[in-house]
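These are the structures in question, set out in turn.
In the two complexes that follow, chain A is the common piece, with chain B as its partner first and chain C second.
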Partner chain A sequence: MPTDAPATGSSGSSGNAAQAPAATDVIHDIGYRHYDGPRLGRGYARRSLFTQSLRAAYGLGRSAKSKVPPALLFGIMCLVALIIVAVAVGTGMDELPLDYTDYAIYLQPVIFLFIAAQAPVSVSRDLRFRTVPLYFSRPVERLDYVSAKYAAMASALFVLTATPLLVLYVGALLAKLDFTDQTKGFAQALVSAALLSLLFAGIGLAIAALTPRRGFGVAAVIAAFTVPFGAVSALQGIAWEQDNLGAIGWFALFSPIGLIDNVQSTFLGATPATASPEPVDPSTAAGTVALLVALAVAAGCFLFLLRRYRKAGL
Partner chain B sequence: MLYHPTVARLTGRAILGRRRALILLLLPVLLIVISIVVRALVGADDEVTADLLGGFALATMVPLIGVIAGTGAIGPEIDDSSIVYLLAKPVPRPTIILTKLIVAVGVTAAFSALPTLVAGFILGGNGSRLAVAYALAAAVASVAYAAFFLMLGTISRHAVVFGLVYALVWEALLGSLVDGVKTLSIQQWALAVGEKIGQGGHVVSDVALPVATVLLVVVTAGATWFAAQRLRSLTLAGEE
Partner chain C sequence: MTVIATENLSKRFPRVTALDGLTLDIGPGVTGLVGANGAGKSTLIKILLGLSPASEGSATVLGLDVAAGSDTAASIRERVGYMPEHDCLPPDVSATEFVVHMARMSGLPATAARERTADTLRHVGLYEERYRPIGGYSTGMKQRVKLAQALVHDPQLVFLDEPTNGLDPVGRDDMLGLIRRVHADFGISVLVTSHLLGELERTCDHVVVIDGGRLLRSSSTSDFTQSTATLAVEVTDTDAHPDGTATLRKALAGAGLGITADGRLLYVEAEGDDTYDVVRDAVAGLGLGLVRMEQRRHRIAEIFRDDDTLPASTPTTTSTTASTSATDPAGSPHAH
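On to the complex of A and B.
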């Protein structure tokens, strides 16, 4: 500004002094057409953000390189289910070699890796390339952005955890296993998978939204899942050796997968996957508290994300 | 010249700068807090010490810190292309890799082997020499993990993911199901070294010490050499 002012002043005084004040600011109509079409509004923007984020979680609509990790992890999840079904059918078993509810517990590293790899894809890049302010310059509100991202990540996780269950279920029915038994187990596992998706998506997104660096986000998310699991497993092993079986269920409250395990062992008829030589059922109180803690953590992560985006920049 | 102080300083800052050191510090602090609690509740017990140090410190903490330090030493620089400013300097690329490796090994050992030693003394006062055995195993594992993950950092942009796939799926998941996998696991090689020191049969490895030593040396040297080769012919690409 200070460099401009003397320039216009000198041209005004040396040149045509009478014309300078007459040149008022005018916006010329240079013939651009106005947009008269329908305005699709907030709901549409929210739905689009949800679909785009869900597709991005599996690398759809992105480069071939970014399709590799999610496709690989999804492939492992389904392949193991296929092998189990093939073995069960091939050897003529009268039930599947594992419960539906056990599946996510056995393959937890794959689920950890999926959320760790894809949560930063969903939120960190928007932060790193400063596209978040662009979203909020549209009719999208903070609540829309957060709920669309959260719902998309939870749905992606549900697809990851429920598809292999579906493979197992279809395989079991084709093998003519008992229909009511299988349907009951399948339905129970689906409920558990839904809770798992909700909880894991919340934790993953909340941590990933803290860092604009993708690599560091991946490591931080995986640490949040595996470190409590490792610590809790070690403590459960010690509690078993000390014959303190009541403590085992309560220790599980301190790890995300332990929460899910407690809930499904208490309410969904699953065999607990505690780190002890034999499974130890958590008390009903530990199961109920686990359910409450899981829901509270998911809600807490959502509220945290809302707070996180109050300032749209870094 | 194999060590370049400026490169070392920059790498150290990349791994530990800003709040990253605090986050890295969380893991050792957690280990020591758990150790104090367990010691207070259970008392000194070799079995418990072996469970906690083997199950948590060596199986979870060391690989995780190895991934963060190993890939963090070079990954972010390649990711945002700022490595070109380093490569444009008259520093031999093997020197760059070796310096980064030294820093990564130092960070991993400082944040994993040292706390393991402290936790071992808290848990059992070095009974059956478990504290020293596990700390040494952690230190040996630090070197191999750092070299391996540093190499991954030069190969792929998704190095963190692939590093974690190795640590979690290969070593932890498949290692507990398929016995043959344990032969090709840095964790087991490091445990073989610890087995030699620990008494009372608490430190157990599935690999014999001579084999483990050879494999450790081969992997560390091979990964470092390959990383240097990769850096010599590095192509930079934009964000996908």
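On to the complex of A and C.
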């Protein structure tokens, strides 16, 4: 029978020797055991951080209270898609009442709320509670940390924006709508959703990483998405009044959702959602610039995050 | 064997020099790194973790050069643990969840991370509460979680930055005892910082004192506190000996022991194990009641004091001074 003397009895590396088969119902202090299993290094740590952050964006592995906002927003995104499908099938339409690419544009407030609520969760907590040094005293490096957090947030947004598209697509196929049309629209919208996720994740995380206060973070991210959208919409309205249709597409460059709209209108066959009584297609130049700006902003946000953690790590 | 070595290590910031030509050689065991706030303790730890490059000089940790590139830095960080001075725990997760996550960040596979977390939290003294959110923990419990995350990946060396900060005296003792066990039972070397010299004397095998980024002193604690151990003896008075203390003092001086008195306490230079027998026999022979006989170690603080300039005003200091002349039994300079 193993002794249940305190661990002080076993010294140093003799820990393993003290490990004897224990009788049931008795807790034995088996002393300190050394770990000689595998240490999987940076790549593994980065993947683990990615998985943990992606799960955390949906409140998984966190308190019940933290699950509510992401679940609610995800639910809304999917519910609307389900309703659309139900209507389309129920009334025997020969196509969906909206394009796949329109979906994210129509439901942009939900996406704004999601990134505003979850970006601070992803980065502000580690800054506020000063957990960052614990990562950097491990094999994880700054690049690993930032890329894992960025990829996790972009993936969370992609799940949020692509799942309802999948619902629409599956519904459309069940309703026996034209397979080629539906698949093409679905694929185009997926590309657009990926770009949106990348761009929004970058903007959201960069702003959230500026402040360790979660409340400020939420407000600042919401403002960063809605204020430019409002301003751009107003400018586009004025341009329409003044019959300056060419300017409408260029104004869109100044809001995140406008960038996405320009790109998908130019390259992905979407109907532009400009703030004008009738859709105005952006020029190809405006669309190309929008694509470049979107990628540049995403890259800039990534570099900014890297810089941000250079100081926070110490 | 050397665990940490630095060679002429300097760290200069635009306005401050945090480390100034520091050369150290630290072996296994518990090493105390003592210095005032701003002496360069945390800077040294950051350089050793590879988080901050040195301006000059070199450093090795577990035989690996901290400046040898990111692969070496990663393998150093895989084998060391770090407990920061400041709070670093999110309040809304449980200790178990948090430590498991940190174990995985150190590269432990998921199953091993869970097992090691359960073990480590038990070793630092967290039981049922480990499933509750950390936000509800006392400072002492939080310090234990911080220690656990530094130990969970079974490092060969841990850096503990001010682990007793903010703890009450009991919590402080618990933490110091725990630190002692990290080496004695777990076989993990420890570099522990403190701005309180006295607190490290029971815990550390070796003490390094830095000030203004320079090495002030590096000594083994046992050199100072064990080789000149002192016995504190207190006895009762009896009818036969109305002043028992004075009687015993005379008897022990007659037996050739160096003695100083402080009120009712006698401090006897312990020259070896037979000193205890001599004291016991003398007390028994005189028929006095022995109230206490205990080992009184010297305070590390005295080691770093300039003995020559300070008057021997306290009994313990007296003993330090006396240790230089301990061979002269009657020469106890402070008889009164």
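In this text, the second predicted complex is superposed on the first by the 278 of 314 C-alpha atoms of A that agree within 3 Å, B and C clash if a C-alpha of one lies under 4 Å from a C-alpha of the other, contacts with A are read in each partner's own complex, and residues count from 1 in each chain.
Basically, a contact is a pair of C-beta atoms (placed from the backbone, for glycine too) under 8 Å apart; a residue touches a chain by one contact, two chains touch by 3 or more.
The structure displayed is predicted, hence computed values, not measured ones.
Peer 1: Touch check for A:I238: first (chain B), second (chain C), both, or neither?
Peer 2: After superposing on A, A:I238 lies in contact with chain B but is clear of chain C.
Peer 1: Does the superposition put A:P139 against chain B (first), chain C (second), both, or neither?
Peer 2: second
Peer 1: Answer with first, second, both or neither: which of chain B and chain C does A:Y32 touch in the superposed model?
Peer 2: After superposing on A, A:Y32 lies in contact with chain C but is clear of chain B.
Peer 1: With both complexes superposed on chain A, which partner does A:L174 reach: first (chain B), second (chain C), both or neither?
Peer 2: neither
Peer 1: Which partner does A:A285 contact after superposing on A: first (chain B), second (chain C), both, neither?
Peer 2: neither
Peer 1: By the touch definition at the top of the document, which applies to A:S63: first (chain B), second (chain C), both, or neither?
Peer 2: After superposing on A, A:S63 lies in contact with both chain B and chain C.
Peer 1: So in the superposed three-chain picture, is A:R130 touching just chain B, just chain C, both, or none of them (first/second/both/neither)?
Peer 2: second
Peer 1: Just checking: does A:Q52 make contact with chain B only, chain C only, both, or neither of them? Give me first, second, both or neither.
Peer 2: Only chain C is touched by A:Q52; chain B is not.
Peer 1: List the residues of chain A that touch chain B in one complex and chain C in the other.
Peer 2: The overlap between the chain B and chain C interfaces on chain A comprises residues 62-63, 66.
Peer 1: Quick one: which bits of chain A touch chain C in the complex? Just the residue numbers, please.
Peer 2: Going through chain A, the ones touching chain C are 7-8, 10-13, 15, 31-35, 37-42, 44-45, 48-49, 52, 61-63, 66, 125-126, 129-131, 133-141, 313-314.
Peer 1: What residues on chain A touch chain B, complex-wise?
Peer 2: Of all residues in chain A, those touching chain B are 62-63, 65-66, 68-69, 76, 107, 109-110, 112-113, 116-117, 213-216, 218-220, 222-223, 226-227, 229-231, 233-235, 237-238, 241-242, 275.
Peer 1: Which of the residues in chain C come into contact with chain A in the complex?
Peer 2: Residue list for chain C touching chain A: 46, 49, 51-52, 70, 74-75, 77-78, 80-82, 84, 86-93, 97, 101-102, 104-109, 112, 116, 119, 123, 133, 149, 153-154, 181, 184-187.
Peer 1: In their shared complex, at which residues does chain B touch chain A?
Peer 2: Touching chain A from chain B are residues 20, 23, 27, 30-31, 34, 38, 42, 47-48, 51-52, 55-56, 59-61, 64, 67-68, 71-72, 75-76, 79, 157-161, 164-165, 168-169, 172-173, 240.
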